[in-house]
Amino acid sequence: VLDRDVILERYMRVRALTAALVAPLSAEDMAVQSMPEASPVKWHLAHTTWFFEEFVLRGWRDERWRVLFNSYYEGAGPRHARAGRGLLSRPSLDEVRSWRSSVDDRMHPYIQRAPPSELACVLLGTHHEQQHQELILTDVLHAFSFNELKPAYVEAPPRRDVPIPTKRWCAFDETIARIGHAGDGFAFDNETPQHRVLVGAFSLASSLVTNREYADFIADRGYQRPELWLSDGWAMVQREGWTAPIYWDGDRAFTLYGLQPRDPNAPVTHVSFYEADAYARWAAARLPTEQEWERAAEAGGLSQMFDEAWQWTASAHLPYPRFRPLEGVLGEYNGKFMSGQMVLRGGSRLSPPDHVRATYRNFFPPFARWQMTGIRLARD
Amino acid sequence: VLDRDVILERYMRVRALTAALVAPLSAEDMAVQSMPEASPVKWHLAHTTWFFEEFVLRGWRDERWRVLFNSYYEGAGPRHARAGRGLLSRPSLDEVRSWRSSVDDRMHPYIQRAPPSELACVLLGTHHEQQHQELILTDVLHAFSFNELKPAYVEAPPRRDVPIPTKRWCAFDETIARIGHAGDGFAFDNETPQHRVLVGAFSLASSLVTNREYADFIADRGYQRPELWLSDGWAMVQREGWTAPIYWDGDRAFTLYGLQPRDPNAPVTHVSFYEADAYARWAAARLPTEQEWERAAEAGGLSQMFDEAWQWTASAHLPYPRFRPLEGVLGEYNGKFMSGQMVLRGGSRLSPPDHVRATYRNFFPPFARWQMTGIRLARD
Amino acid sequence: VLDRDVILERYMRVRALTAALVAPLSAEDMAVQSMPEASPVKWHLAHTTWFFEEFVLRGWRDERWRVLFNSYYEGAGPRHARAGRGLLSRPSLDEVRSWRSSVDDRMHPYIQRAPPSELACVLLGTHHEQQHQELILTDVLHAFSFNELKPAYVEAPPRRDVPIPTKRWCAFDETIARIGHAGDGFAFDNETPQHRVLVGAFSLASSLVTNREYADFIADRGYQRPELWLSDGWAMVQREGWTAPIYWDGDRAFTLYGLQPRDPNAPVTHVSFYEADAYARWAAARLPTEQEWERAAEAGGLSQMFDEAWQWTASAHLPYPRFRPLEGVLGEYNGKFMSGQMVLRGGSRLSPPDHVRATYRNFFPPFARWQMTGIRLARD
Amino acid sequence: VLDRDVILERYMRVRALTAALVAPLSAEDMAVQSMPEASPVKWHLAHTTWFFEEFVLRGWRDERWRVLFNSYYEGAGPRHARAGRGLLSRPSLDEVRSWRSSVDDRMHPYIQRAPPSELACVLLGTHHEQQHQELILTDVLHAFSFNELKPAYVEAPPRRDVPIPTKRWCAFDETIARIGHAGDGFAFDNETPQHRVLVGAFSLASSLVTNREYADFIADRGYQRPELWLSDGWAMVQREGWTAPIYWDGDRAFTLYGLQPRDPNAPVTHVSFYEADAYARWAAARLPTEQEWERAAEAGGLSQMFDEAWQWTASAHLPYPRFRPLEGVLGEYNGKFMSGQMVLRGGSRLSPPDHVRATYRNFFPPFARWQMTGIRLARD
């Protein structure tokens, strides 16, 4: 059963963090949409609020806002065109912020008095908002990357010397593993039901592929050798002219701190599944399946699992055995995206720490590069 | 010779009007780019300032701004991608406004002391800014049209009962007319040189096609009858699903005052050349050539020539005999657009009154609908 | 070990069947390419011959033919553009046929004397050609479908009254199944290695979804209800205007026999994965995983497994555990297509009977509709 | 009045020439469509026959053929998709040829007995077919150019040493010229009515720009200098990667004789309007207006006017004053293409000699390169 006070505290904390995250940005910064897959920050602020209004409070003052800030829920009625979110100068940022306050003001008493059966939806809304917290940062980075001024979201912190993790292969024996979420804690529907999987023996790298290692791949003509690539990936390399991760710029990389020297020991990030897969082939290794990754995560002992970069797996985003999406419109949350997406596991520097877990199934199309995505190798 | 004081007064007046025009808009409103052909208002504010910095003052503090706000001048170096102007949250509106002030502060003494030969460029810059004043309004209207909230740029003024112009045909005899600009006044290079043209006898409608008349065309299945359309126009009708002027919405039309009842006696606006041409064919008439239009304008006696809507002509934007573009980079201003564009004559409700003249050659592609464009009929 | 005589016999039989299959077609029929994914029949005739020349004989008389008829093997050098195969009026059909004879003449002694280690490649070439035999028929059907004359590949045979299979659910218990190919028989590399998989309990429909059943789905507004569809599938429905299987035309369907009345009891065919998945959701069932399908096929007792239509599974085309592609250029045969493809199992009316088997992993993109593809339901 | 015998003789001669032109081609060669703007030769054979069946005989045996071979006449009912003409393997070439014979058999007595008022349409049909004769050759060349075998339409004739024309500027005084067709001879509707135009003084080059001259333009970085190009042209250069005329290949050019050494003294051909215009600017000259060209052609004394390459003019394809298209469906022949097209004057090596004349207004979009198009310079 869900603890009302815990949920209320979580709600307030998550909402406050969203506000804190956007503090360095101007109204203009928050208006930009750099591609259909990305959204303006203002839209994120509104959509995460829309979630509570639509699925919990239902106190619309202007029904047109239902349309403007619906993301992809067919069951919630018509939607403003996804690629046109950057056209919405109205409602203004101030109006959106005011709406956020209004929703918060109404959610507070709601959480305190709602029937217990309704609290799950509130909890889902907080996890939903955490997903958008990470998207806010990746979308800002993407939008800023098109600006010749190369703006920084925030000042770079003082450089810390990170001890380089010693990379080693961690071996796992064949077993029948329990995969997926069970128990009382929160999980998205796509992590359920827990089920048994025969996972063969494998080894997993204890840490992520570094910028230095990835640079070796490039230097070895990795982006010029079709035999290293899946067919769709090679087509993308040629059509888009990929020669490096999306934000690499000579010896530097574009980051939320602006253009920065690239730390060779840091994990390579902002690579697509295609690049991760090609790198693994070049390295005489492979990407782990999501079951292998989860098994290793449950076993513990590996580093950079949740705190550096999401890790592409070799697994397509498909339903677990006996998967049932959530009832009603919220069943669209994950279930309809079980085609054309690859699973990522773990979490990133940008993920709220209390958002991730070993059973989490993040997913993006195999060509996506604007997320904080990296590479962990596996081998037989 | 150019009068220094007149130019200074004009410079200050034009610059001030630009500021006044954008006063009703928020920073967010000014950030939106709704299509590659349109620009954010902030970009217009910056580009019109860029013009003076680039071609007159050359006092760049940040060379990257040269790139950001160059429109299409190949000779002025690299350019930020046209379709990506809406991504430029930086520099901020405040920074752009500050730059405008800085340029104004420097232009003032410059105009007072510049060599006479340099004043023509300043004058050109003011006419350039007036062109962008109209674009600011048409681009805002286009951007707002995508928003389900249908925002108004300003409150609608009280409805005035306009006397309906009596439409009549004004006949003109064959003559050898002087076409194009001559003399001391300002003109763009594409209006020169003045030259003689044998213009046959023709008649011109004394006023513009009204919304009521255009509605009759629609009611008579104008958008369903290919025989009324040029081949390229018909292809556009089918591909884009055109069934009415771009901003018509039932009995209303979207305007800078928001959604408003459509005045049947007002001139139809926001039609493409293809629609104007199809309407004329339906009406057993034709569009005038630009020479016919200019001849009639010089003769006088017609109404709605400069103050309602630009009037599509049957003429492609081609060089006049012995046309020479301006020297240097400014030769790109008009000359390189002498392909794929149709000439419009007159002026519109949105045009600054001291900007237009009988020899003015405005031009847009035949499919463009977001400008304040209307129809004046001609016949043999 | 491979039996030389068996392979020779198989080689001759397969090659002769290809010739027989194209006998009803004119040189013009064989020149058409209806979309990038389909190829002209002449190109199929040439490419299947190219396979033996490239990987076995290496007796090129004109190196440019290596380019013209290379399909997708990066390791075999440059390729004629895939979408431009329909432009190749030269070499003529007669020249291609003559080349086929020449290769057959050289393959005959080659097979009789080749080192045993080389015979596997010959055998692979025959299975490769069998795949193209089916593609020849599906590509001809697709090409003919664009012709207002609705040509027939062959005359329709006399209508046979097929006993309607009684549909029932066949239940299977949880087990650890051996999945994939092992042993001496032929298999493609993507069927290997055999490995153990924990397959939970499930039931499989004994026969395929019929045209009548699929018509019920349509009548129940199946193509208008987004909640039945995966997100990518719904986007396709809307963008492409899908309202029925690709070749349905009122009460008839376009077939290799021309436009024919649709047999309500026959399996529905020419549906995409998206349609199969949406149908299954509508029917309160699901598609089987490829492991479930294979387990059931090994168990036996179901009908329409191999002889009506390929059956979409819920499984993406991913590598089996410890999968190794073939050595060298032939490693591109299947391995590089392990992204963006769904697995189909079984075989179709158009498949050569000695070509299919229970471990066979056919694959196509989820939107593909021009193959002989159908639906078998599963449930928990 | 039209002479019945002359028309009959002309009909038979034109139809026979079409048959002769395609004699070197196989049924496969005649099936290829290399781009939407080009058509298969078989389609040309059928469409030119369709013209007589549709507009004269109206003896359809299969109404579907009306659809298959209608080019662009909205008034003649539905049309097979233009880009899908290469999919029409049926009717076969033999069937089309048989149809041609049938039409010829019926046209013969028709011409002998038709009411005089109907003969104009027959005459138009012969000129229509002559236009397609040239298109057959340019379309074959385009289709063959994609084939790595670089086929030749016919063997190259023995090289003849052409005397190089001495280029000189021919000066013309200002005059009021009669432009356009008048009198009894044949002309297309877009050449009418004859009208007076004030044509200023100008000079015209006595011969066409040669390959050597055009190579100098390339060597002088003509394709890298935006200041030489119209804006649309420069966009095309960059998007399409143009660096030379379409069929240039090192020191050779692809021709109807296959790859051939390029004769430096021959006129440059297969250039777009954009390239012609850029070359002229580079050469400190300009393209002539169509009125200048016609005036000079009437005056006589220039070479290469009709027998080498069509000459791009500076004139858009617009209606002449008081232009009226033909009555009925044939009014679509030229009139609806008076947008987006530039006028070419003269005739080419591929034009039937009795097809061209001084008033002829050929037209193609400014980017078209696959026609036999060249450059004649003008200057003030």
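For reference, chains read A, B, C and D in written order, and residue numbers begin at 1 within each chain.
Here is the rule we use: a residue touches a chain if its C-beta (ideal position, glycine included) is under 8 Å from a C-beta of that chain, and two chains touch if they have at least 3 such contacts.
Worth saying up front: this structure is predicted, and the values here are computed from it rather than measured.
J.: Applying the touch definition from the top, give me the chains sitting in contact with each of chain C and chain D.
T.: none
J.: Could you grab the centroid distance between chain A and chain C? Build each centroid from C-alpha atoms only and quote it in angstrom.
T.: 36
J.: Using mean CA coordinates as chain centres, what's the chain B-chain C distance in Å?
T.: From the centre of chain B to the centre of chain C is 57 Å.
J.: Judged by the touch rule stated earlier, which pairs of chains are there in contact?
T.: Touching chain pairs, listed by label, come out as A-B, A-C, B-D, C-D.
J.: Can you list the chain D residues touching chain C in their complex?
T.: 26-34, 42, 64, 67-68, 80-81, 84, 86-93, 143-144, 146-149, 151
J.: With touch defined as at the start, can you tell me which chain A residues reach chain C in the complex?
T.: Per the touch definition, chain A meets chain C at residues 72, 74-75, 176, 195-198, 200, 226-227, 229-234, 273-274, 277, 314-316, 318-319, 321-322, 331-332, 336-340, 366, 380.
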